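Heads up, the next two complexes both have chain A, just with different partners, chain B and then chain C.
So, the complex of A and B:
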């Protein structure tokens, strides 16, 4: 590890995290609000009710403000794979590039073409074509999420490929395996449904503010009904796909799973920690060290959740590092040795080819192929470097789950109150709905922090460590661009929030219309 | 169907797609060119509003074309992606920065409480138009003149200049820098010409159009000078070729020879240049008769010209991303491409492109039925 510039790695990670997190502030709202707007416009076109036209235009304006900054923060992400992670770009480009290209051809053009119709089509195109355009924008936004999430899922669980030692990269051998891997399906469904829930909370929260101010009551209630139904249905989906995702992670990324459960030592009939607080411990690797200051747990539930069988063994961090013969778990020590064999064999294979020594090349290739599954481990000496940041993983997971439950309950309460026509009088619920907006963003960010920080130290699980993926550039360049982007995005975020608030306030005073 | 093509044929097919995307991108730079003239063509608030709104309905398509170009380059020629983007770090970062500030400017410019004020967003649009076109043009010129990098036997790239790509535009001790900059400036002035012709087509306002007509030849002339300087230099310099074993060497008059050895491409290039000039001529001297249609000649000609230039540098055993530090590190469509399987899989997806073009055309036509007028700006609630 000593020959890697860790400061460069850290700054490159910081820059990517900065741009990804900023981008993810705006994308979930685009994903869900596009559908909510399409539903509202459909109701307007079918009923001809002018109030629905005003409702549609109001939410569409907010959608437009949010969409623009989402595009601004998104372009940098695609190109950062090349500028800051060029070694990674080559190592996985044969697989990762394809979804990105398909995303551009299939999704981005759909989105960008019809968004112009959506905003400028009033009076220029027929109502029906206008409505179809709204659905096309929603479809395009969600399709673009599909392809980038397929690419991300492949980093969590690389399938459908083979390493080609001649080109020193992974090459795709089965496109459908990449597209339909359980990790990809779960990641896509879980992520877009989280976007739907966030958008629904946004609409419910803003509508709640209208009701608290006694402005545009009918407008607000109609918006709230659409959003709460959309949000509740999405919440159910979110829970189901979240459960599936956790099971998938248990199989494909057991270290991430152990980290977000805070599980140091594995167990048959493992309990599930519902709420917990971690404490500082000198060395969590020592036996009988409890890293929890406080926890509420449900016996057997973790084992039951991962295999629908409470007698199943769930490995902890220490089992993965030290191995567990009884349960057939290979230790990280052994994996490191195998990884080093693979790295050396690849180098020797290349040298043998240059010497035109076919026999030596064939021998080294055999050794390499036998150990390739552990290739990335060979970059490390200490297995403890292969453990992600446990507190970050634990808290981000639990914050996400607890808030997810809160969102679902909120939607149910809102719908019941709307049904009983008591929503305006139950002001505390309106306040909760309003203050749930920032919580939705926190939950959404927590989900991605878990996905990406929990995968560390890998950029591609087991195969490529993050430290070997960076571009060969000087740290100072990355530091400068980090601050340029940090300042730019912060300024644009302030502008976005100010415009949004201003549009909401003026919308509430103009009976919803603009 | 695509499975039956040879690996080389697939690599050529994907180079053609990337070239076509690059060509469409340069045509779509009429948005960037137009952005640099907002203040010179529009003097009142309503005139500026018309210009901004005319461009604002197309900016996202230009943006999307750029993103798709990047995605297609990544997918089909990942070694180019990792070498160029990771190497010429500052050039690409500046280009990206120019596009980041563009994306919000249209939507935020006239919104209440927009934090920075309308003038700042208009400045962002100007910077995007200026930097975006010049830097992309300069970067593409290095396909002919070369860059300083090495590629290891593990296909990891190492850029050799500490200036991270800026040397390609600012190292005036090297003659090739002038060639690079000349293409950058040619693209900049071409974008302005295209912007003017687009306004002819899209805006109905005598005052603005009269100013635009005056500007046309002032921009067409420098475009021609810089473009001819680039083209003549490229055709008469030594180029980067490779033999059947992939060994790279300097070949005298390589690009001129490519013109002779690929006559169909030469026809496309000539047709393209003629169409560009014809559109400018018709727009400048026969405005009343066909000023609104001039964009289609110059725009179509731009696509053909850029496409042919990129074929010229990618086909016929030519290195499309040459290294001046180590000739053998130079990238070709054969050594930089994705695997055959990936190219085949993506080729099936490319069959969607005609449908994409069809719906873009339909949507564009629907919006463009009526040109932008001052009255519409007053009535439209979502006007930028």
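So, the complex of A and C:
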């Protein structure tokens, strides 16, 4: 580790996190609002009710604002791959290339063709074709997300590839294994359903504001019904996919799993921490501490959740570091040794090739391939460096889950009040709905913080740590671009909020406008 | 030909009748200009493409980084 410029690594990480988080402010609303608009337009086409046309146009305009401000913010991430993360880009190039190329060709064109029809099509194309275009925009937006999430899932659980020691690249050997790995499926479904919930909260919250102002009451209530039903169904699905994701993480990233539960010592019949507060500790990665100042836990539930069996052993941070022979867990010490062996064998293999010593090359290749699964561990000497920041993982997970429960309860309460025709009189619920909009964004960001911070130090699980993925460039250039991005994205965000608010205030008075 | 004319008219009239859309397109163009004409050009050269001319050189460099930076 002494060879690495950790300041460069940290700035590169900070820059990537900044751009990814800003990008993710825009994406989830696009994912979900596109479907909500398609549902509203379908109701309009089926009923011919002009109020539904007005409703569709209004939400479509907000979708357009969000889409326009957010479009291409993800391209910055691609720039960063090539400049700041060149080792990583080369290392994963063939795996990332295919999904991203498919995204560019298929989803982007699908999305951008039909989005023009969606916005320009009023009175110019048939109602039915217009409605189909709305569904195609929704489908295209979600397909765009599929490919980048498949690529991200591969980083969390690299499958379907073989490392070529001659080119230093992971080469895809099974596209379907990459596309349909449980990690990819869970990540895609959980991420898009989180976008649906966020969008539903957005529509419910804005509609609540109309009701609080006694404006566009029927308009707001109809929007609220669609969003609350869509949000509630998506919430149920979010719970299911979240549960599946957690089980997948238990198998593929057990350290992340232990970290987000704050589990230092493994247990048979492990309890689930529902709410907890962590003590301040000098080193948050240090496992030998009593972490909790306070916690409420449900006995046996963690074990039950991971295997539907409360007698299953769930390894803690200490079990992963020190190993646990009884439960067949290899220690990080042993993995570090194997990783160092793999790195050395790769070097010896290259040397042998240069000397044209085919026998030595074959022997070293064999050693390398036998230990490649632990390659990334070889960059470390201290296993504690392989533990993520536990408080960050713990709090981001619990904030996400607690807010998810809040959203579900809110949708149910809203639907009950709408059914009982008491929604306008229950003003405190309307205020809660309005102020839940920022909470939805916090939950959504927390999910990604958990996914990305929780898997540290890996950029590709077990194979490539973040510190060996960065380019050997001048730190100052990363610092400069960090601040350029911070300013640019903040200006974009302010622009979005201002345009959104002005559209919300004025848009429902007329017919939306685009 | 009629179909192509229809498509062109569809887009032309659509852009002409935009209200908030004009402001959004302006934002998109400014954003794309900043991204591609400034950031990509001056701040984000592709490290391996810029510093090496062949894939073999790039491979050798990355391998060396992977082996020696431990």
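In the analysis below, the second predicted complex is superposed on the first by the 497 of 514 C-alpha atoms of A that agree within 3 Å, B and C clash if a C-alpha of one lies under 4 Å from a C-alpha of the other, contacts with A are read in each partner's own complex, and residues count from 1 in each chain.
Simple rule for what comes next: a contact is a pair of C-beta atoms (placed from the backbone, for glycine too) under 8 Å apart; a residue touches a chain by one contact, two chains touch by 3 or more.
Remember, predicted model here, so these are calculated numbers, not experimental data.
Between chain B and chain C, B contacts the larger number of chain A residues. After overlaying the two complexes on the shared chain, residue contacts for A:275 are found with neither chain B nor chain C.
After overlaying the two complexes on the shared chain, residue contacts for A:105 are found with chain B alone; chain C is out of touch. By the document's definition of touching, neither partner reaches A:298: not chain B, not chain C.
Of the two partner chains placed around the shared chain by superposition, neither chain B nor chain C is touched by A:370. Looking at the shared chain after the overlay, A:498 reaches chain B, while chain C stays out of its contact range. When the shared chain is aligned, chain B and chain C each come close enough to touch A:83. In the superposed model, A:7 makes contact with neither chain B nor chain C. In the superposed pair of complexes, A:350 makes contact with chain B and with chain C alike.
Once the two complexes are laid over each other on the shared chain, residue contacts for A:362 go to neither chain B nor chain C. Judged by the document's definition of touching, chain A residues 61, 64-65, 68-69, 71-73, 75-76, 79, 82-84, 86-87, 89-90, 116, 119-120, 124, 167-169, 350, 471-473, 477, 481, 484, 488, 492, 495, 499, 503, 514 lie at the interface with chain B and also at the interface with chain C.
Within the complex, the chain A residues that touch chain C are 3-4, 61, 64-65, 68-69, 71-73, 75-76, 79-80, 82-84, 86-87, 89-91, 116, 119-120, 124, 165-169, 340, 343, 346-347, 350, 378-379, 468, 471-473, 477, 480-481, 484, 488, 492, 495, 499, 503, 513-514. Chain C meets chain A in the complex at residues 10-11, 13-15, 17-21, 23-25, 27-28, 31-32, 34-35, 39-40, 43-49, 55, 58-59, 62-63, 65-70. The touching residues of chain B, when paired with chain A in their complex, are 57-58, 60-61, 63-64, 66-72, 74-76, 78-79, 81-87, 89-90, 92-93, 96-97, 99-104, 106-108, 111-116, 153-159, 162, 164, 338-339, 341-342, 345-346, 349-350, 352-353, 356, 359-360, 363-364, 366-367, 369-370, 380-382.
Residues of chain A that touch chain B in their complex: 57, 61, 64-65, 67-69, 71-76, 78-79, 81-87, 89-90, 93-98, 100-106, 108-117, 119-122, 124-125, 129, 133, 164, 167-169, 171-173, 175, 350, 354, 471-474, 477, 481, 484, 488, 491-492, 494-496, 498-499, 501-503, 506, 514.
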